[in-house]
Amino acid sequence: MHVRNGPERLLRWERRMELPLFVGSAVFLGCYAVLVLAPHTSQGWRDLALAGVLLTWVVFLVDYLVRLALSGLGRHFPRKHWLDTVVLALPLLRPLRIVNAYSAVRRRHHGPRLSLYGRVMAYAGLSAVLLGFATALAVYQQERGAPGATIRTFGDSVWWAASAITTVGYGDVTPVTPWGRVFAVVLMACGVALLGAVTGSFSSWLIQLFGREDGAVEPGGPIDRDGRRPPGG
Amino acid sequence: MHVRNGPERLLRWERRMELPLFVGSAVFLGCYAVLVLAPHTSQGWRDLALAGVLLTWVVFLVDYLVRLALSGLGRHFPRKHWLDTVVLALPLLRPLRIVNAYSAVRRRHHGPRLSLYGRVMAYAGLSAVLLGFATALAVYQQERGAPGATIRTFGDSVWWAASAITTVGYGDVTPVTPWGRVFAVVLMACGVALLGAVTGSFSSWLIQLFGREDGAVEPGGPIDRDGRRPPGG
Amino acid sequence: MHVRNGPERLLRWERRMELPLFVGSAVFLGCYAVLVLAPHTSQGWRDLALAGVLLTWVVFLVDYLVRLALSGLGRHFPRKHWLDTVVLALPLLRPLRIVNAYSAVRRRHHGPRLSLYGRVMAYAGLSAVLLGFATALAVYQQERGAPGATIRTFGDSVWWAASAITTVGYGDVTPVTPWGRVFAVVLMACGVALLGAVTGSFSSWLIQLFGREDGAVEPGGPIDRDGRRPPGG
Amino acid sequence: MHVRNGPERLLRWERRMELPLFVGSAVFLGCYAVLVLAPHTSQGWRDLALAGVLLTWVVFLVDYLVRLALSGLGRHFPRKHWLDTVVLALPLLRPLRIVNAYSAVRRRHHGPRLSLYGRVMAYAGLSAVLLGFATALAVYQQERGAPGATIRTFGDSVWWAASAITTVGYGDVTPVTPWGRVFAVVLMACGVALLGAVTGSFSSWLIQLFGREDGAVEPGGPIDRDGRRPPGG
């Protein structure tokens, strides 16, 4: 009984938590940026930022535990909802939740929607940008005091993150500390996959666009690869 | 009434503006190249080039405003036609319009057309080359006077742009100024997507080519992935 | 008669050898790591590790020869089963067998299975990680004594392998010895293909996920690209 | 009359020239390697190698002109057969013909054929290797005498070519001469496309392989993405 009721109550919970998690992700990113980038602000602001980081951690933990209980999946939950589990353990990946929650909010309000490939590009691209920003913060925190570091300003760190996430990798500035390199490996692994999704979707979208243009000129009819027939097809 | 008539008048306007925009993009790229690469020419030539840059800006702005008015989309126009909006704000991306207008002209004249993948490759490849050239100009302008710069000649800048757009990224020459790096990030983001479209189409085209070759030898019939049946299939 | 019976006996043999080969791959990687990373351990441990490496070589050779005999393919066997042939010749690629055997064991036990794209991502990603680890060991062994080497610790080697396999390639640490570079080329060639499979599958999976979400909202029905109809479609 | 007969005579000519062009490509690559790598051999050998290079140029030119005449395409021929035109102008790309001719010979002899994706991978991979080797030769020839060059041995040049063609791009050794960089840009552009074809095909092949494995276990039937139904499907 409890288990059968679970999915419905779970859905209600997830819908109710969308906004808090969205705000939580944004607050976490903001507070973390304050902690890293403004080390000489008054102690009060720093304490506030630290409290914000801890608070968002609690919010995510509570949400995770409630959903674990409501889902009735028990020990299968962590693997089934692996993204939530990973985000709980690695708060740096939390910005991925911003995109998630934002798209959920947009969907409910029936706003103008992008095409299939457009949404994949927007989701993966925005995730890549937020992930790159969070990693730039974390790497800068590790590197700024290290001897022999080439990443000396936050600008260097952002420049490094941009070259890492696009797999260009100039190597003019690179992390030298062990933890900086661990964050870098996480960024490279996630970034490569996200960017692959962006380029793959862009490529498919372009092929679809040019194929559609064919359809307007020739009697063969348009190719529609996103599962919807165009009105005039 | 005015709105319903809009689409037709909009199409007429777009068709009439194809050539001016094509010329405008080419003039912009040429004048910008003169401004950057020939700093010691007589003042008259420099003024002419500057006038050319400003003139093309006006042409693009007028075209944008007229289409905004004719489309009847109002405040939805900037998002619906995001490429035009971006091109207006970032003139460095304007060369992307050259390709666009050129392909429109070709289409009208019923010239021999490439296959679907061929056109995607041609469009994305040409866009990448023009974008790389424009960014090489902009980065060179920022870097040439900077202390500690590794990009010292325009040749260095082109070499850097080629290694950035193919995501190879040697790092022997890299921008060091903040604006140079901002341009570089734009190039890397756009370049990765355009190059992904080139390689994705090349890959699909090669698979199609080899699949067709199968069809000529085996009784299974050719695979045709661009929506047209080959004559003898 | 012998040949017709072959396939069945071959299948039995392959099933019986799954666990030994899985253990063999793991033992090889462990013993090789001991040989490389603990050069100052007592001679007894080193001899044990060396014996482990040689033993696994014998196990793989015996398995290869038995399957060659049972298959009845004769001289066509090496090309038909090229991965086994390559793994026999290049023991560094042996970790690829761990993934293979592990997935075979999982399949037999009817454990919860991932989706099609999920399995491709898991297989290619895990292969890339194991291959990167094995190559990091091999390159470190070549480089640590070399004059002018930039890879001086095993951490450097892992960092280099991570940047090589994601094609980022910073170049802050790179192999300088001929054999180190040969291993690096093998890693780059295999890594690029494996990572391409990960990003390609991730991209397809994301497009499928977003397409399914469409299906739940619109009456068009979900797009299912992995060959299974969803229950409610 | 002459034009209608053209295609048949053209096909006969192309079939007759397959072996000479294959040999010509191999001879060109060999002679060029002798000229670059053995600068201190006796003058006689150098003259022989130079004669070989010139001879293959003549062979390719004659083949091109005969096909131009037989095709009856006139001035459309260069664009229709763009690969041949490019190969004529840029002899460094000539190794691409080796693969072409070799696969044609194989096809005629009804040897065991690879699957569709296998052939694309083999073609693109082999082309990438030969192109990388030819470019390594050309870049080494430009760089070895240059002041401040980092490519000092042919080994350096091969290492550089491998890191360029996989888009890793370490930057520890890079061309510094203008012509060396021009060759590098050609290699990067072609290499990225060829490697994209390899990884794309590998990815598709892996997805197909795992999809087929599904079909053997579940009643849904295998996914076959290369246009052929498997025998037991």
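Each chain carries a letter (A, B, C and D) given by its place in the written order, and its residues are counted from 1.
In this text, a contact is a pair of C-beta atoms (placed from the backbone, for glycine too) under 8 Å apart; a residue touches a chain by one contact, two chains touch by 3 or more.
Each chain and its UniProt protein: A, B, C, D = Potassium channel family protein.
Quantities reported herein were computed from a predicted structural model and do not represent experimental measurements.
**Student:** Identify the chains adjacent to both subunit A and subunit D in the sense defined at the top.
**Tutor:** B, C
**Student:** Please identify the chain with the largest separation between its CA centroid and the CA centroid of subunit D.
**Tutor:** Looking at centroid distances, A is the chain farthest away.
**Student:** Does the subunit A and subunit C pair touch with the same residues on each side or with different residues, judged by whether over half of the numbers are shared?
**Tutor:** different
**Student:** With contacts counted as defined, which of the two, B-C or B-D, has more C-beta pairs across the interface?
**Tutor:** Most C-beta pairs in contact, of the two: B-D.
**Student:** Nearest whole angstrom, what separates the Cα centre of subunit B from the Cα centre of subunit D?
**Tutor:** 29
**Student:** Could you put a whole-Å number on the gap between the CA centroids of subunit B and subunit C?
**Tutor:** 41
**Student:** Provide the list of subunit A residues touching at least two other chains, using ranges where the numbers run on.
**Tutor:** Those would be 163, 167-171, 195-196, 199-200, 204.
**Student:** Which residues of subunit D touch subunit C in their complex?
**Tutor:** For this pair, the touching residues of subunit D are 112, 155, 159, 162-163, 166-172, 195-196, 198-200, 202-204, 206-207, 210-211, 214-215, 217-218, 220-223.
**Student:** Show which residues of subunit A lie in contact with subunit C when the two form their complex.
**Tutor:** 76, 79, 107, 116-117, 119-120, 123-124, 163-164, 167-171, 174, 178, 181, 184-185, 188-189, 192-193, 195-197, 199-201, 204, 226-228
**Student:** Touching subunit D in the complex: which residues of subunit A?
**Tutor:** Residues 167-171.
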